[in-house]
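Should a chain be cited, it is by its letter among A, B, C and D, assigned in written order, with residues numbered from 1 in that chain.
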Amino acid sequence: MSLGISWVTAWIDDTVEVVSHNRTRLSELDREIGDGDHGENLDRGFSAVKVKFDTLPDDATPGAALKLVATTLISTVGGASGPLLGTAFLKGAQALGDAPEINADGVVALLTAARDGVVLRGKAEPGDKTMIDAWTPAVDAAGEAAAAGASPAGVLRAAAAAASAGAESTEPLVARKGRASYLGERAIGHRDPGAESSALIITAAADAAAATEG
Amino acid sequence: MSLGISWVTAWIDDTVEVVSHNRTRLSELDREIGDGDHGENLDRGFSAVKVKFDTLPDDATPGAALKLVATTLISTVGGASGPLLGTAFLKGAQALGDAPEINADGVVALLTAARDGVVLRGKAEPGDKTMIDAWTPAVDAAGEAAAAGASPAGVLRAAAAAASAGAESTEPLVARKGRASYLGERAIGHRDPGAESSALIITAAADAAAATEG
Amino acid sequence: MKKLINDPKNVVDESVEGFGLAHADLVTVSPDPLFVVRAGGATQGHVGIVSGGGSGHEPLHAGFVGHGMLTAAVPGPVFTSPTPDPIVAATIASDGGAGVLHIVKNYTGDVLNFETAADLADAEGIRVVSVIVDDDVAVKDSLFTAGRRGVAGTVVVEKCAGAAAERGDDLDAVAAVATKVNSVTRTMGVALAAGIVPHAGEPSFTLSDDEIEIGIGIHGEPGRERIALEPADAIVDRMLGPILDDLPFESGDRVLLFVNGMGGTPLLEHYIVYRHAASVLAERGIEVTRSLVGNYVTSLEMQGISITVTKLDDELTELWDAPVETAALRWGR
Amino acid sequence: MKKLINDPKNVVDESVEGFGLAHADLVTVSPDPLFVVRAGGATQGHVGIVSGGGSGHEPLHAGFVGHGMLTAAVPGPVFTSPTPDPIVAATIASDGGAGVLHIVKNYTGDVLNFETAADLADAEGIRVVSVIVDDDVAVKDSLFTAGRRGVAGTVVVEKCAGAAAERGDDLDAVAAVATKVNSVTRTMGVALAAGIVPHAGEPSFTLSDDEIEIGIGIHGEPGRERIALEPADAIVDRMLGPILDDLPFESGDRVLLFVNGMGGTPLLEHYIVYRHAASVLAERGIEVTRSLVGNYVTSLEMQGISITVTKLDDELTELWDAPVETAALRWGR
């Protein structure tokens, strides 16, 4: 029970759809405490990823596929989330190397490297009301699930649940990074759009894994 | 039964008040088919006239008083109505010469000269949807009333009624002069603000005369 | 109504005072009667040029006072022609002994007040010639209207006449340049939302969220027709058609293409309009040799734009290119 | 939402294309990757200067490409930082062999994308130095924020750095000028109404008819506090206080006073603001020796203004006065 390239393509296909579907909602979250473009930014990026994936060789490794996601996001999303998510995918891809299959520990390594990539670029800490508040609980939950012997899909399911809870947990926070930090107390009561979209992406990974395993 | 300087000052006092009172309404009429400043323009002018009248010598002739109105309007109103009404008062004042008292024929001469002044500057014809549509019926009615032996106050009463009817008669017209002419058919259904204000001024003259005759 | 103003009554006085403070190197403000004149006043031996009209069209006219353009500008109340007194004072201040040109936008109020002022200046021994600008093709020029309005093309007239005065043309020659520019200039405007006159407090007209007004002037007067909102390119087609057919502009003509913002439309959109206008002209074989884009003749915060096309020959090109140093237009110095 | 646009997706591409057509004498547009570079490209032996960021702030940045200011500008999507690719391309196009300065407004997105681009350009053998502009005193610069935003002061940084590059300063010296200008520049903004991002279709925030937002940025982010509408002079007092106290500016200082419109506020009001700002500075003994008034760093059609004060010494005055020839700022040539 491990995940291969078909999981990656299913994950990215799902993400393309989920992002497109949530475009308006993510931009609306961003309008509350940012500049109202987060959904637009990600949708532009993942639409480009979709096009790029059409040319992905059938025998591509998961790492190569995620690297393509990374470079495409970096060169199409812009804003803060472009370099941050792009780096997440880039570091995640590097963690996978050219392994054709990913086991439960591989999933943890992928998520951890992705999170570390976001921190490397953005220097945010948990509680700063950023996408890190989705990634870090996801990484922690994934580690625990893997240690408890969960399957890759089980690890991702745990990560997704934690990421969603993490996104929700940003609501009462004051932001200390990104545009929302300009607002001070006025950011309280609003969910961070980047945390929300990261939770959606991680959830898409879990859904794709469940379907792949299914 | 003739009208003297006390009538002129009562007329102008009344006009100051009526214009101030109708400032918003006149500007609203102007907003429909012009640029929304007619009430503002006249109020600026007659407020200045009020101040100037404080320095009017007690023994001023009606002509001198009306000349002061004219020059004050010309130098404070601006827009189209400033030169037009200013010229009306100027020519009216000239028609009176330095006579201390005005009889019924004098009133007709005053109104006629005023109307001719407006035509001289603005070249409008009756039916062009301008203040001329108040002045010309007023002049005609005044002439008829005087011929029928009316008192100066009676002449002004007839003129005022005709001016008001004339202002109302502009509603179905297409404008051929002033800003309203840019609108073509779209001016139909709106009363011309300048005709309305001229009717108010002539009505003030009649009211003042009635009070003076007491 | 929300505006960065103090008392609506003082809007023009305070704004012109601020203008004078910000551009003391270029202009001097006379507070009463209110006018703006070049720092240093008239140039001896040169024709003076005075323009003016209602305020609310900034940078027109005060923004064009300076070397190579206006000698003085007379700002009236918002959207209301100034009275003759300040026009006379500005005319006297602009006279360098060679007479003064009045550039007057064709509105009854402006024409009448400048006319009176010209008579009074004449009585002071200053020779005044007036040129009326009437570039707006949205209005039919017929016996049944007050004639075409003067709108954004005024900038082109003021620029070229200013250059002619600067090079030393006499009054009749400067007036001839102004008349010539006006005769080869056509403009049409569109509004998406009206501005708000400070003392009125309400928009001059109200458009619903899918309506635009074609053929508007610069005083918040409603326009020629109200239509449903269309893509920018379609709106540009609607505007350029009447402009090009009117003169007419023909294949082989060289022109200045001037996209003017009405005050509340972002520059981003001005250039979207410019792009399509340029391509329409190119298709018709009309060569755009000069361009101007931005807020030059505005209508407070009106959302909308106008397009102006001026046919250029060698002389007008040279006059357009001549150095100018004003608050709003500056090159070559 | 009513805008003079075609498809919201093409707003930036079409606008920049139009900009290139209108100013072909000054700039060349690369459509893909999208950037704007001086006509003729880099000046050999001189430092290149590249700036950029989200669109919607026009004329910033493309309007400042030309002699004496930027070598290239990189317009991102509306209010969104461009990606590294066009920044790298613009950097390569701007390199005249003496390295390239990146002038970056302090937003996480801009900083990260320019950072990546600088790394990539470095890999191409081009030396890049970055200067971050963060002049907005409305935001606390602390560990608990992303730091102060870069707003209208960017124009002053770009102007002075451009003049330094033009006179032949080396990369470190040009960067030092940019850093110095940033260190003596403070800005604060106010909004009366937010702009509308084309693809969003709704205002970024909604203010009721008697509310204003103090301390806004240029991306439609809400500001520091929402207060009841006040007279312009009171609003200016509120804005100037934090600006002057921050540096602080002191009696005897010479300054540039820059009143910047956010796009939807008429010039008439800019000068009302300028008037009071100038008088407050005069009262404090601060001498305004240079001024700039108009729409330079906008936020689409946002209604509002910002006030920027830069402390000038002889060097900065000379750099400010140096000739500049761009679409939006032009003097001395």
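In the analysis below, a residue touches a chain if its C-beta (ideal position, glycine included) is under 8 Å from a C-beta of that chain, and two chains touch if they have at least 3 such contacts.
Keep in mind the model is a prediction, meaning the values are calculated, not measured.
Asker: Treat each pair of touching chains as one step and give the shortest count from chain A to chain C.
Answerer: 2
Asker: If you average the CA coordinates per chain, which chain's centre is most distant from that of chain D?
Answerer: B
Asker: Can you compute the centre-to-centre distance for chain B and chain D, using the mean CA position of each chain? Integer Å is fine.
Answerer: Distance between chain centres: 55 Å.
Asker: In angstrom, rounded to a whole number, how far apart do the mean CA points of chain A and chain B lie?
Answerer: 76
Asker: Chain B to chain C: how many Å between their CA centres?
Answerer: Centre-to-centre distance between chain B and chain C: 33 Å.
Asker: Please compute the C-alpha centroid of chain C, do the same for chain D, then give the distance between them in whole Å.
Answerer: Measuring from centre to centre gives 28 Å for this pair.
Asker: By the touch rule stated above, which residues of chain A touch at least two different other chains?
Answerer: none
Asker: Mark out which residues of chain C touch at least two other chains, giving numbers and ranges.
Answerer: Only 78 qualify.
Asker: With chains as vertices joined when they touch, what's the shape: line, ring, star, complete or other?
Answerer: Chain contacts: open path, no cycle.
Asker: Can you list every touching chain pair?
Answerer: Chain pairs that touch: A-D, B-C, C-D.
Asker: Considering only the defined contacts, which chain D positions touch chain C in the complex?
Answerer: 1-7, 11-12, 14-19, 21-23, 55-56, 58-59, 63, 78, 190, 192-193, 195, 207, 209-210, 212, 229, 231-233, 235, 257, 259, 263-276, 278, 288, 291, 293, 295, 298, 300-301, 303-305, 325, 327, 330-333
Asker: Which of the residues in chain A end up touching chain D in this complex?
Answerer: Touching chain D from chain A are residues 27, 31, 34-37, 40-41, 44, 74-84, 121-122, 174, 176-179, 181-184, 186.
Asker: Considering the complex alone, what residue numbers of chain C touch chain B?
Answerer: 54, 76-85, 107-109, 112-113, 115-116, 138-140, 143-146, 149, 197, 199-200, 202, 204-205, 217, 219-222, 224
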